[in-house]
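Next come two complexes built around chain A: one with chain B, the other with chain C.
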Partner chain A sequence: MTNAAMAGSLAAMPGEAPRPEPAPSPRGLARRAVDDTLASWRTKTGLAWIAIVAFCAVFAPFLANSYPLAVKMNGNWSSPAIKHLTPVDWTLLVVAFCGVITLGLSRLTFFRKLLVLLLILAVELPLAFLFVHPPIVDVFQEYRDLQRQGRLQAVIGCPIPYSPTDRLRDHPDARLTPPSREHLFGVDMNGSDVLSAMIHACRIAMAIGFISTGIAVVIGVVIGGLMGYFVGWVDLFGMRFIEVFEAIPTLILLITFVAFFGHNLYLMMAIIGLTGWTGNARFIRAEYLRLRNQDFVQATIAAGLPLRSILFRHMLPNGVSPVIVSATFGIASAILFESTLSFLGLGLIDEPSWGQMLNQAAGVSGTFTWWMAVFPGLGIFLTVFAYNLIGEALRDALDPRLHGIE
Partner chain B sequence: MQQPLLEIKNLGIGFSTERGRIQPVRDVSFSIYPAQTFALVGESGCGKSVTSLSILRLIPEPPGKYLGGEILFGGRDLLKLPEHEMRSVRGKEIAMIFQEPMTSLNPVYTIGDQIAEAVTLHQHVSQDQAYRIAEDALHDVGIADPHRRLREYPHQMSGGMRQRVMIAMALSCQPKLLIADEPTTALDVTIQAQILELLRKLQRERGMSILLITHDLGVVAENADVVAVMYASRIVEVATVEDLFDRPQHPYTEGLFRSVPKLGRDTERLETIPGQVPNPARFPSGCKFHTRCPRTRALAAQSQPQDVVTIHTGEEQAKVMRVCQQDEPDLREVLPKHWAACHFAENFATAAQTVPQLEHRREVVPDMVDVSAGAAPGGSGHAGNFTVS
Partner chain C sequence: MTTYIIRRLLLFIPVLLGMTIVVFATVALSPGGTGASLLAREGGMDPRARKAIEAYYNKRYGLKDPLPVQYFRWLNEVSPIGFHQNEDGSRGRFGIKMPDLGESLVRHRPIIDLVKECLPITVLLNVITIPIIYVIAIVAGIRAAQKRGKFADIGMGSVLLGLWSFPQMLAGVLAIGFLASRQYAKLFPTNGLHDLRSGSMPFLPAFTPVGFNPGWMLDMGWHLVLPVLCLCYVSFAFLAKLERGAMLENIALDYVRTARAKGLPERTVLLRHVFRNSLIPLITVAVNILPALLGGAVVIESIFGIDGMGKLTVDAALMHDRELVLSDALVLGFVGIVAYLVADIAYVLADPRVSYD
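And then the complex of A and B:
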């Protein structure tokens, strides 16, 4: 936006001597913080792991699927894997594809990129649910039988040829078998492949962290911002409101809601978000209390800018750093919440999640199946660890004492 | 007779604090005429900044409260305007520059973004046009290479440059009144002179009025047309700048002049006004200056005992006139076009109690100094690319 305006104003001054090439664009505070964060080894390690998880989340149906990627039948190629993609699969693929393209466009500001992506999501989601109708009943045996009968001329299978819901595939007594050549991470108590389930569970791990933290940040920033800016009665009531919410035990509330409304991922996200905003609100309030007396905020009021611009355009970027840091830790804790619930058997039933797999480690018969504990446990540990690494790197990058302010 | 641009009548402002109610502004009245520079002078804490903030209604309510009076601007009482109309006055018709240029700009946005936002808001122009206006504004305040400067962040500029940017931002919407709250206090002396010269030049070009808040009598002498001296929340003297410097009527003003160093006079040390500015929570009775006033003490030494009282100020005792200790003097026109609030100013007893209104403007001395010449520290020699007419 700025660049375009600059170009416009340059073009609008004909007859002026050509200017010397402008100095390399200076970095703003936010830019510097991002650059410093990215330069840290902790961020690189953390981001690498999260990139792996995100990749698994997006491409799960192509990484672990009982349906082959491509088959040749009667001389024609077809793709059972694509035929069985759900609307959610399609949405993830399209948004991820557009996301990579939009992020590559350097002309837009980060905020605009985010807006474009949200717009794409808003258009894509209803379209996917309207037009994508995968077969309702999964018959995993279909292509296996065809292959066994020799009616497929060629088969290209997935790297892990098992769906997480494809149970008892090899033989009826395949429950809880330890890792082997066919099942690298072993088989769970339902007889499905653990590695496949773990890859599909990446989705829940990513989604619950981002969505619930997103809700918490938005609510926290708005309420905390109003409190810190208006002080007085608004602050007094806001603070009591925060205390009320802080008194709610999130886990107990989650268990209660699951008991009443059943196992619902979105409800879970909403509850974690709606109870987790208080810390963000406190941070933002404290920052706004500091900022509201600063000259540049007085100057924005004196310039007649509207309240929205003062609060969110001018004050927010100067006070958001503690919230960004706490949000990265919030993502980690949301993942832990979901795992805890699933471990207690209150999580999702039909979709695999790491906590739910962990729950199976201690079997009904009192046996301990180590592969059910180690692999999902490692997944949770590494993801939470990765977010914490990024959070700490961000905190250091935003800490002026470690930098020396110009 | 011309209509005043801004007319403040009997303005009173209170603050409720933990130690009770204080009144930093009491019964303040003055008028500013178009193209006039009106200086408000006083020590820290005398209420001059609160007065200036109240014009834009920037006093936080609570704890602040407008206790009465009117602020008439273009026929409208600003104190009665709803907030959304007030917002279109701020920045567009009355702009303000602050004391501390290092902190008055938002560190996360470029200079261009910050000026252009106010411009797009008040002038309803496109982004491109707003940036062009911003560039012109930077050019007008003598910033070299404004096109490049637009894309710079505040931390890349010196204090003087930032104050120029603040002025450019304030003037980008062509306000009728500019409130400058100690615009040069935080700058070093050579830059101070440049900024003041710049303000004078812009005022001549655009005919706007300036309300100059300062405690620096040198700044007043060079810039002001009309001066009001504030002490302990009230205006104690109003006159044209020439009158005030020639014939100060209030002992506080006299004290201010005595505490300014003068060239060519062989003095061991500078005179000060004894004592401290009274705490607004514990103002003395009567005339707020009587605890520090040399005039009332001198008179008390020669007066009848029934006219004299003994007061305790801090560690010492002093004899002052009873009337000073008991009655607060109001502002009266003691000389033609010269107002003072002191029982023992010339003709005070017979003077009329009128509202100070002075349409005076000093004669403009053509000034040949090119402001932009010194305005390009680090501008790497591009200052020659344009000339200021």
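And then the complex of A and C:
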């Protein structure tokens, strides 16, 4: 028995005055919720997987690329991989780099950090499109051919030396080969490397989750906030509005939108956001109904603060916690929706996505290629599972009943 | 309670109208607007076909009218109560009529016929699935709550969360690939609801001199096993987690302590007292389960080649059959709203504590 445990059992001995427990350091509910969430094994597992996905998304062109990282040709070193980076690649790299630095600065609040990052993004994106001009024609086998002809003195290739859209024109017999040492996750029916496509598909998975949930949270908070604050007619009307959106199955609504507006990633994000806000609105409404009669809200009204300030500066921080939980689950379901649409053939055509790869598993010819089902499928499953694990941990941490407060 | 139900029925009308507005707005605001397929195929059509389609759109929407007029014109066509239309296109008397969902310009068939064929199949899938989901979820939830905190409970919690996160299309593809394909175990059929020979089968299974004949009924059951399994597990996991939470919440309440203090056996306490009260949240979420099931049917029907509403919609979207997509969204939205209403009323009937204000 350890010392601490002995001390504990001693303190509990009858007849002896129980020693007063050391008072826990005063922590707010938010602080404690964050600590509890981070301490849970579920969060750690989930965050670990999401970190892997995020890493793959940012560094995809350096992890899986047909162009080598560096080559020595005619005595000169050059980097075909960097030469072929697109404006989007550059933006991602710069924003991720600045993101890591900004998150390291502890002086700023989280909101300010987010604002700084958005500012960097707004400046970076046009600059990248102005100044970065990768070669228009991709000849993926260029450096493989050069190497075969012995014209390269040295080559430092990527870990996976195939781009996702590299159809391996120089190896037509590689199509639909099962996993091997050369292609760890196999090759799909067009001749692209599955692992490479999966790494590049991490981008869509990350982007769709965050952007569409961001849209859903903003709409939900505004509509739910107005409903909860004004009650009466606004509330009645808003509730019917919510019911309209909840009654139409989201997937059907998404298919309708895609059918009429075309296949476009940004549109898909917007639509998933536009259809997914109802849960957030319900939560915020319930919280605001509770808060609107409390003294601090009455005080802000009496002080003559503008409505914007009352709703979002004073009430929102007190009622936001259920929305944080539902947003975490929302990211998971947004990823699921995107992969479902791609699986049904209604997603993007030219960009690799996990759902679209899964669609190739059961081919037209009736054959089943298990590596096209298992690997992309696991990618979707693990990412969704990771977000759901974090969401559960967050919900448990934010539930005051589990802390014995009530 | 009667006032609540009447109130609920009255609120059903604006929700229904709102749904039609959302669906119509999607079409009207899309690039090209209501008559977009005219523009899209302008070059490739011979003048007569073009004229016919133009006449169709003009009759249906009145392309030259402003959008609100187009909306009401379309609403009058699709609603079962409205103005009859005479042969010459003028407005007839007001009354109950057959809703006209338009015509699929790709399949060249009235959409109402397509819906009549497909909707019963989707409803059948859901009617089979829902009781299975609820029974298994309730049993699993009670088991988990009984063993609270033990390994079985925690293990089951993670397994349920995993099931809930498992993409339905992956489950469907794996099920077809490993259990139904010719390469691995060919245990189940891969496609459709019936065998090709089912037309000549007797209704019930029978032993014939040629061999065992599964019969129409068993054949369909056999075709339904994998789709129903794939449709079940997500909602089942969600409900089981909910049931466990509800049981635990109720176990902590005073009335349970009273029941235990009376000396009732633990089994009676759980099954007679706690169980009944823990069912209420399950009825509440039936509202959310039904649209989710309808959405899940889209994926499952597409994978297993079942000709239900989901597959009809996806195929229509893939073939750019705008009229069909529009009507499918309308029909499924209507089914969703009705399901919503039924669940809401069931909730009031189940829990007398609900406030009726």
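To be clear about the criterion, the second predicted complex is superposed on the first by the 368 of 406 C-alpha atoms of A that agree within 3 Å, B and C clash if a C-alpha of one lies under 4 Å from a C-alpha of the other, contacts with A are read in each partner's own complex, and residues count from 1 in each chain.
The criterion applied here is as follows: contacts are C-beta pairs under 8 Å (C-beta built on N, C-alpha and C of every residue); 3 or more make two chains touch, one makes a residue touch a chain.
Note that the structure is predicted; figures quoted are calculated from it, not measured.
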item: Chain B versus chain C as contact partner of A:340, first or second or both or neither; value: second
item: First (chain B), second (chain C), both or neither touched by A:317; value: first
item: Which of chain B and chain C A:384 touches, first, second, both or neither; value: second
item: Touching partner for A:295 - first (chain B), second (chain C), both, neither; value: first
item: Which superposed partner A:243 touches (first chain B, second chain C, both, neither); value: second
item: Touching partner for A:261 - first (chain B), second (chain C), both, neither; value: second
item: Touching residues (chain side chain A, partner chain C) in the complex; value: 240-241, 243-253, 255-262, 332, 336, 339-340, 343-346, 355, 358, 361-362, 366-368, 370, 373-374, 377, 380-381, 384-385, 388-389, 392
item: Chain C to chain A touching residues, read off their complex; value: 11, 14-15, 18-19, 22-23, 26-27, 30-31, 161-162, 164-170, 173-174, 176-178, 181-184, 190, 287-288, 291-292, 294-295, 298-299, 302-303, 310, 313-314, 316-318, 320, 322, 325-326, 328-329, 332-333, 336-337, 339-340
item: Chain B contact footprint on chain A (complex, rising order); value: 1-2, 4-6, 8-10, 12, 17, 19, 22-23, 25-26, 28-30, 232, 294-296, 298-306, 309, 313-314, 317-318, 405-406
item: Chain B residues within the chain A interface of the complex; value: 56, 58, 62, 87-92, 95-96, 98-100, 103-110, 112-113, 116-118, 121-122, 127-128, 130-132, 135, 145, 147-148, 150-153, 155-156, 166, 169-170, 385
